[in-house]
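Heads up, the next two complexes both have subunit A, just with different partners, subunit B and then subunit C.
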Partner chain A sequence: MIQSDLARVYDADTLWAVSPAIALALGVLVLLMVGVVTHARWARGAVVAGTLGLSAVLQVVVLGDPPGAVFDGTFMADHASGLWGLLFLCGTAVAWLYSLNYYGEDRPYKVEHDVMMLTTPIGMMLMAGAQDLLLFFVGLELLSVPLYALCAFRRNRTRSVEAGLKYFLLGAFGAAFYLYGAALIFSATGTLSLAVLKDFGSFSTLAMSGVALLMASVFFKISVFPFHLWVPDVYEGAPTPVTALMATGTKAAAFAFLLRVTFLLPESAAMTVATIAIVTMALGNLGALVQQDVKRMLAYSGVAHAGTVLLVVAAALGGDRQPHGALDAALYYMAAYVFTAAGAFGLLAMLEQGGDRFTHIDNLRGLARRRPYTAAALTLFMLSLGGIPLTGGFLGKYLVFYSAVRADMIGVAVIGVLLSVVALGYYLRVVVALYMQPEPASLAGVAVPARRTLLPASFATGACAALVLLLGVLPRWFLTQIGS
Partner chain B sequence: MNVPNEHMLYLAAALFAIGVLGFVVRRNVIVVLMSIELMLNAANLTFLAGARAHGGPDVSGPVFALFVIVIAAVEAAVGLALVIALFRLKRTVESDALVEMKG
Partner chain C sequence: MEHHSWLWWIPFLPLVGSAVCGVLHYLTIRARRASPDAPGYAGLAGMVGVLSVGLSLVLAIRAFLLLRGLPVEERVLESTPWDWIGVGDLRIVLTIVLDPLSSTMTLVVTGVGFLIHAYSTGYMKGDKGYAKFFAFMNLFVFAMLMLVASSNLLGLFIGWEGVGLCSYLLIGFWYEKGWPAEAGQKAFVMNRIGDACFLVGSFLLVRLFGTLDLSEIGTLVPGLLGGSGEHDLELAVTALLLFGGCCGKSAQIPLFTWLPDAMAGPTPVSALIHAATMVTAGVYLVARLNPLFAASPTVLAVIATVGAVTALVGASTALVQRDIKKVLAYSTVSQLGYMFLGLGSGAFGAAIFHLVTHAFFKGLLFLGAGSVIHGMHEEQDLHKMGGLRKHMPRTYVTFVAGAAALSGLPLMSGYFSKDEILAHAFSAGGYYYLLWAVGIGGAMLTAYYTWRMVALTFFGPERFDHHHVHPHESPFSMTGPLAVLALLSVGGGLLGLAPVLGHLAHLPHLMGDWLAPVVEPGERVLAMRHGPHGEVSHSLEWILLGVGAAVALVFAYRGFVAYRDGIGADERLAERRPVLAGFLSEAWRVDASYQSFVVLPLGALARVTSAVVDQLVVDGIVNGSATVARAIGQRTRRFADGDLRSYALWIGAGAVAISFMWIWS
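Moving on, here comes the complex of A and B:
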């Protein structure tokens, strides 16, 4: 590549477009250096918070005037990728706040934990903006490899290591499918660029089999049928703040990319995708109904939510002609889900008290009397997950089903709504346990953690709860922001 | 240069299939890791076949293969660390040891 080419690819616009990711990368380096120099908690916390804040500010500024396709057309810094980026930063910040006092004393590598957590949003941003199959793969691995390690972070506990290894093996398997799919597409078409593929016309059989493999890998990341079996084990075994990051960030990033590559699928695939979505919702809800462990129940509920938002893709294929209709619905739904699920998993992390398992539903009984605010927040998150009006979850569901109706998939939308009603069965069970059942005798003497150690977690909970309520009460403001 | 392009694609497909089979059938985590490497190399071979077939000044095929090699090394590092963590706890590297949680 000659010099003028380099100057063209790396111009000021380009660097500006990826400045949020650059800020994160620099923050990771600074954090590593700080970890060498000092073990003070405040120094680490300041670096992480400062990095996330700086990156968010840059993202907001970039969002004001999105530069469009940069890096020779491989990265798309448009309005959508800016909004996704903000969402990823929020999700990471929430998960990090919950992780601060989660590990108690048995947290051997504190700097490494924060470094890995801070690396994941870089990968998510690359995934959400990728216009090139190679760039998406790099983003995917930047996100996945730290998460494999984070899942197994409590490596003296069998469950944590088991979760990490299961996630790693299946994740690497899924990545291999993605690679082989991308390779087949490249062999058949000679290009890796999504923009070129979009104008390519009809695909050969070789390219279509590549698309199928690639979709299978993305479906694995967003955990829809038949690639959802790893979810309950991994979510249950991983440290709970990591689960919060995985459940929200990975899913949102993979969805952002899925919406960009929807055009690879033929329109005749609409009904197939809709069927996969419905089956996923059904399996997720049935799995969640029989769980006694709240963390595992939330994992199955995450599968059901992935099925719901997959309906958006089906609707986009099936002819939702409203411009950006599918994208708006997916963004709103995922925004509501990120704050709700991160808050719910985070509250479980807070209740685990020094990392001991506290996630059985019996342990939540009568919590409202001892800790009214925690119980109220958990109730709000459960109602939002169930899609009760005045919460963000309700409007997300409304937009998704409305998008399906616009695409003339009325039957699918009806089944989806009915399945969401089934889901209320297990969400409300948690609320019943919190407010209407007596406290179990075994917990009578358990001390409540000191308020000071709960400060970051309480802050994160408050922010999540406020955003869930705002998303439910002021949908117009958020929709204008998304649509502008 | 007289190997036909289809033959390279067939060889890659066979490698990928062997990798998938090994991943599904074998119980030893190390062998499962090796199966994943086979699948990645199948993808590399397909990239190179595609690059040769399409020719021209575009080097994105070989470059993708280089990226795959680097990232495969990263994955192997993390994966083997996880295997060691499993071995420390369970004194085995069979995937039968991963049964504390049942999906």
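Moving on, here comes the complex of A and C:
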């Protein structure tokens, strides 16, 4: 990098490759200006929507003809990073739509909120495309720092501030692991480039310790055992739209990177990774089983899903030789999860518009009669999370377990499938509450918020629901996009 | 092979019907919000619900006639394909395929389904969820048709999960009662245990055969059998896993306890889903993949044993039930056991024959019971009935016809289908003699409990409170379907007369000939594995038929006589053998043992896990960050508990642990 000449690094191809991220960065700047000039909601909304739209269009065009490795080989703009990028943009857009009418008391700072939200996908894109350990770190921080602030955004609520601080302290702790790991790898091998590391046959003990620390930090971000303990507290305390963003975008970005660095692990690590995956699924599902708060239940469920998709990594290490098998399965799974979980968290956010009482399962009782569409959408998301056929969640699970079977990890697949049986128990409890239990008397007089204020959230819900169904009913189209 | 795109309409018509009913339900709710007594669109929804299944039946008949017109070996109709998934080596094309087996199943599902839908228009009259009911019922028919007509195991699985979901929704239909919702959940979770086995089995199938196409799998099985038998174990494990799925869906031991609880749903649901169609899905699956199951003698023996034992447990439990629907539920469990005994004996055709006759007579009995319950103002307790034959003559006559078929009285449909299964079990010889004996024992109990139920319902003193209960006959919309099903239950035997009788009457075994091309591959595999199947001689066949008839007649008579004059026999049993009575009425205490060995430990585990995660980890470690907490604000008790430190500790420990593991491996 140092000896390379700047003109070669920053050629047109390079700028083109990262144009979606550049669009986002410019949008962030414009949004800051707009915030100074006017307080009009529509202006702010137009900038955010326009930026996300422009970035998505650029991403689609780049995806049509991926430039490959750029920035002197530190960033990979390939097919996979393009698809991940689109997924991040979708996740951000959904979270933003749900956030529009979510905050009551903190409205003065909405510009800052949107600025931070718009910054996160830049970080995610850098993480997903990183071919260099340092670039990944830049992306990681670009994602994490705004999220720390966003978690604490409801600054006069103890839980929110607590969540932000917890996430920040533990995130900093995790980042330290990452940096130390990268430093160890550098001192052992003399490089931070994944392309160069790929050529190393085996690693020394020093490098291997570095890899382990690095993995610990990535595992922290995708929240698998034993790095998942913060998840329920933070997810529960954070403002719900932010939770939606964390649960989907962060996880997907860390996962995209994990797939890029899987080769650092020896094949013998397959069993460790599989064990971590299984334990994570078990703890996530069992934890979710006893939750009374739906937001917290979804947090545990998110942990369980992270465990499931980690199986793909175990399978890739353990001998699933299907070309792109792991990537296909992971992308599909995460796509289904992003839309399902974003929709589910988003619906909770939408319900909270009427007060903070709605995330407890008792408060969802009989909702189907008062708000039939909301109940129907929430049911769809629950079924998808539970992996019922003809929803995206089913096929994602199927591909993941199928990948494990191809790698001869039958026992692991069996336990995984059994654990997902347990999972259905708590997803169904929500459906039962929605449709099959009488409304609690305390909610009898609660009015549905005005339709106008629900519009953005309804739009996001409709889009998520449609995509969850499409992923389940017409998976072929998506799989062709992923596979091409 | 012929291609017909209209075949898609057989499952999709009910789906459309379901959507329309759903919209009508929504409109009804809106109308009622304006004025609570508005009629809404209930009548229209009923019509749509019945018609969509009726039209589907017409198409199914058309397909059947087309099939029959084709030469025997070409009897397959295929719809246009739908390319569903394509990734790597996983390519899944969904197609509707009708061969003699699927065609039989579609006829049963749409035919019996149509009658039950028609019956429901009367039974559910006045229910405030009328349109919703038909939406769910139609959705169920759609899923069931996908299940029986899909060319691909994954397509079958869509239907498989779909019927489970509808069953769950319909069991919990009357959720105001409180317990149905819970029963629905139990059914769904138990089914999911089976489904987990099913899914894993399907993964193994792909590994073994590289395809999930059902007919391809059938043709590929013989190729794996040759040589040193290196695939034998894999084949057996795959078959057993799939059978595990069947145990869940078809309520076999050890997963049968959900079915009696499922009776909490409206009675037409019990008739359609929990007697005639959904619970037979497991039987269909084994029959469909018959070469795979035939490939392993052990697997067949397991299936036959599970079936025989379930038949006995179900029948003995039905002996002492007081709830009329519970009697029928355990009876269904038991009859499904017979079907699996047949499959396990290699009599795939006979099992499907019994499936068909069972759909007739058990559908009839459930609908009859529904008519009784309807007429008795929601009373289900046999001890509070009696003497109803005067009040409900039409229900009485048809119910007796169904009872005759269920108990296997000579020449009724159930007589032929059950005896065909038992004859096959007998001719399999060896260990199967024992299973045959168990089956005969079950048949004795069946005849006994069936006629106990008839006697307690329709004969003897009237034990209900005459001031509050005024039994009345049900309307024609309910008795009409009863009459049709009664005819089928009595005459259904003509579809498959026992060979010796058929010989006398110059009637072929219609069902056997019709299904022959489907079960033939399995029989070939059986012949490869076991040598030629023992033929039953004419004299032996006469003897077996005679034994079946004698057992049915004797025990039907005894059951009837014991309860003709009232509930004395039940009281004497409870008095003299309280332990036995309790043991039987709780279905051999299987459910209770699940409660203590599975449910409670799992719940405890979950609570402990969450306690560990939420509290122990949090509280157990020194609380030191109080200064931070004070800086933040007042109510931050959770911080003071020191959970942050412990989380960090876990992260650190985890990092160290994986470092050690990876460095040393």
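A few notes on this one:
Note that in this section the second predicted complex is superposed on the first by the 474 of 484 C-alpha atoms of A that agree within 3 Å, B and C clash if a C-alpha of one lies under 4 Å from a C-alpha of the other, contacts with A are read in each partner's own complex, and residues count from 1 in each chain.
Going forward, a contact is a pair of C-beta atoms (placed from the backbone, for glycine too) under 8 Å apart; a residue touches a chain by one contact, two chains touch by 3 or more.
On a predicted model such as this, the values are computed, not experimentally measured, just so you know.
When the shared chain is aligned, subunit B comes close enough to touch A:148, but subunit C does not. Of the two partner chains, subunit C is the only one that A:369 touches; subunit B does not reach it. Using the contact criterion defined above for the overlaid structures, shared-chain residue A:165 touches subunit B and also reaches subunit C. Of the two partner chains placed by the overlay, only subunit C lies in contact with A:420; subunit B stays clear of it. By the document's definition of touching, both partners, subunit B and subunit C, reach A:229.
When the two complexes are overlaid on their common chain A, residue A:201 makes contact with neither subunit B nor subunit C. Contacts of A:399 after superposition: subunit C is touched, whereas subunit B is not reached. When the two complexes are overlaid on their common chain A, residue A:64 makes contact with neither subunit B nor subunit C. For subunit A, the partner that touches more of its residues is C, with subunit B and subunit C as the two candidates. Applying the stated contact rule after C-alpha superposition, one finds that A:183 touches subunit B and leaves subunit C untouched. In the superposition on the C-alpha atoms of chain A, the part of subunit A touched by subunit B in one complex and by subunit C in the other spans residues 158, 161-162, 165-166, 169, 173, 177, 229-230, 232-233.
Residues 133-134, 137-138, 141, 145, 148-149, 152, 155-156, 158-159, 161-166, 168-169, 172-173, 175-177, 179-180, 182-184, 186-188, 190-192, 206, 229-230, 232-233, 236-237 of subunit A are the ones touching subunit B in the complex.
Of all the residues in subunit C, the ones that touch subunit A in their complex are 26, 29, 83-90, 154, 157-158, 161-162, 165, 168, 172, 175-176, 181, 184-185, 188-189, 192-193, 195-196, 199-200, 203-204, 206-207, 602-603, 605-607, 609-610, 613-614, 617, 628, 632-636, 638-639, 643-644, 646-648, 650-655, 657-659, 661-663, 665. Those residues of subunit A that touch subunit C in the complex are listed here as 158, 161-162, 165-166, 169-170, 173-174, 177, 205, 208-209, 211-213, 215-216, 219-220, 225-227, 229-230, 232-233, 265-266, 268-269, 272, 276, 283, 286-287, 289-291, 322-325, 328, 332, 369, 372, 383, 388-390, 394-395, 398-399, 401-402, 405-406, 410, 413-414, 417-418, 420-422, 424-425, 428-429, 432, 435-438, 475-476, 479-480, 482-483.
Those residues of subunit B lying in contact with subunit A across their complex are 9, 12, 16, 19, 23, 29, 32-33, 36, 39-40, 42-44, 46-47, 49-51, 53-54, 56, 58, 60-61, 63-64, 67-68, 71, 74-75, 78-79, 81-83, 85-86, 88-90, 95, 98, 100-103.
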